[in-house]
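Notes to accompany the following structure.
Just so it is clear, A, B and C label the chains in written order, and each chain counts residues from 1 on its own.
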Amino acid sequence: MKQHTHRLTLRTQGKGLVPITRPVLDWVSGTGIFTGLLTLWCPHTSCSLTVQENADSTVRADIAAFFETLVPEEHGRYQHSTEGPDDMPAHLRTMLTQSGLTIPVMDSGPVLGIWQGLYLFEHRRTPHRREIVLHLFGT
Amino acid sequence: MKQHTHRLTLRTQGKGLVPITRPVLDWVSGTGIFTGLLTLWCPHTSCSLTVQENADSTVRADIAAFFETLVPEEHGRYQHSTEGPDDMPAHLRTMLTQSGLTIPVMDSGPVLGIWQGLYLFEHRRTPHRREIVLHLFGT
Amino acid sequence: MKQHTHRLTLRTQGKGLVPITRPVLDWVSGTGIFTGLLTLWCPHTSCSLTVQENADSTVRADIAAFFETLVPEEHGRYQHSTEGPDDMPAHLRTMLTQSGLTIPVMDSGPVLGIWQGLYLFEHRRTPHRREIVLHLFGT
């Protein structure tokens, strides 16, 4: 058994899903691990991780609209408002999705379904530098 | 340290929670691993995994009703509608629950609480063939 | 590779977020594992785990208010009511957050962001004894 770690850095340009499948697959493949377990961790409280359909781009628009309704940005709705009107909704959207994903690895890659893509879900309006920590172990 | 993988296949008959605790426990027990870590992964974007009360069947009815209200199937509500009115809600319900579960294993089984059951949460109306990938390592 | 397990016990005093970062960090540090993978599991169906901002206490008040609205305690709303009006909402709030968290470990601790804290999210009104199972492996 061997283990590997890595930090993936990306820049977000406002709210929305940022695809990360490709760099994750590339890193896993490069480690030489054939069978094992992959963990992604998002060390932020205003963006999160999610698995979603990777085919139809309208899915992403529907997701954005759904979360705007489910966790509205509304003046006066939240006590925590010093960091801007999108900050408290960002915390709540993070809670309702994932900060971490753990996925079995077979044949040198995570066992994603054919329609599954990995995404960073940015909840802040302004550009941010984001980091995802990867951990992989196996043989 | 040893690791094992397995694919569990099941057929769903429309929306709802499908219990999977028994086959998961049986597989873990059969591997001979006593202490370790179990991961379940659902490689689909319109069904998910969840942990729920396994005792009172009205809990499942309440869950179904809650998600119909939280993520409604409503004509014209979503841009992504080519795969049927239940497809976009299925993606959103998947996002709000889990695609993966990782559970410590002690005494040859996952450390589930006495009331905890593992379920596949089917979000599509029509019957589907579903797969869950299992990964277990330990000693 | 070595693995360690532990059971963390705490008493909750009604609904809300209970910080658990400190005892988790202390236990991880005490195992002597430098690089690895940490898993927390909550073996209950009416409380859950979450990662949240650890700085501004109004965040916790906003979270409480948000979940009261998202999953209301409302007489007659749920079929499952024999265990009290807060029990079915507790199950649903558990489903919408996490029963488990898996976090890479580097430098003898989980790679939490500077604003990230680990919390048990209690969903029941009355005091409860709660347990969290920890699993850690690595080198």
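Observations on the model:
We adopt the following convention: a residue touches a chain if its C-beta (ideal position, glycine included) is under 8 Å from a C-beta of that chain, and two chains touch if they have at least 3 such contacts.
Since this is a predicted model, take the numbers as computed values, not measurements.
Residue numbering shows that subunit A and subunit B use the same positions for less than half of their mutual interface. A rotation of 120 degrees, rounded to a multiple of 5, brings the CA atoms of subunit A into register with those of subunit C.
One inter-chain figure worth recording: subunit A and subunit B are separated by 20 Å, centre to centre, where each centre is the mean of the chain's CA atoms.
Residue positions of subunit A touching 2 or more other chains, listed in rising order: 1, 37, 70, 96, 98, 102. Considering their complex, residues 1, 3, 5, 37, 39, 41, 43-45, 70-71, 78-80, 82, 88, 91-92, 94-96, 98-100, 102, 133-135, 137 of subunit C touch subunit B.
Of all residues in subunit A, only 1, 35-37, 50-53, 56, 58-59, 61-63, 66, 70, 96-98, 101-104, 106, 111-113, 115-116, 138-139 touch subunit B in the complex they form.
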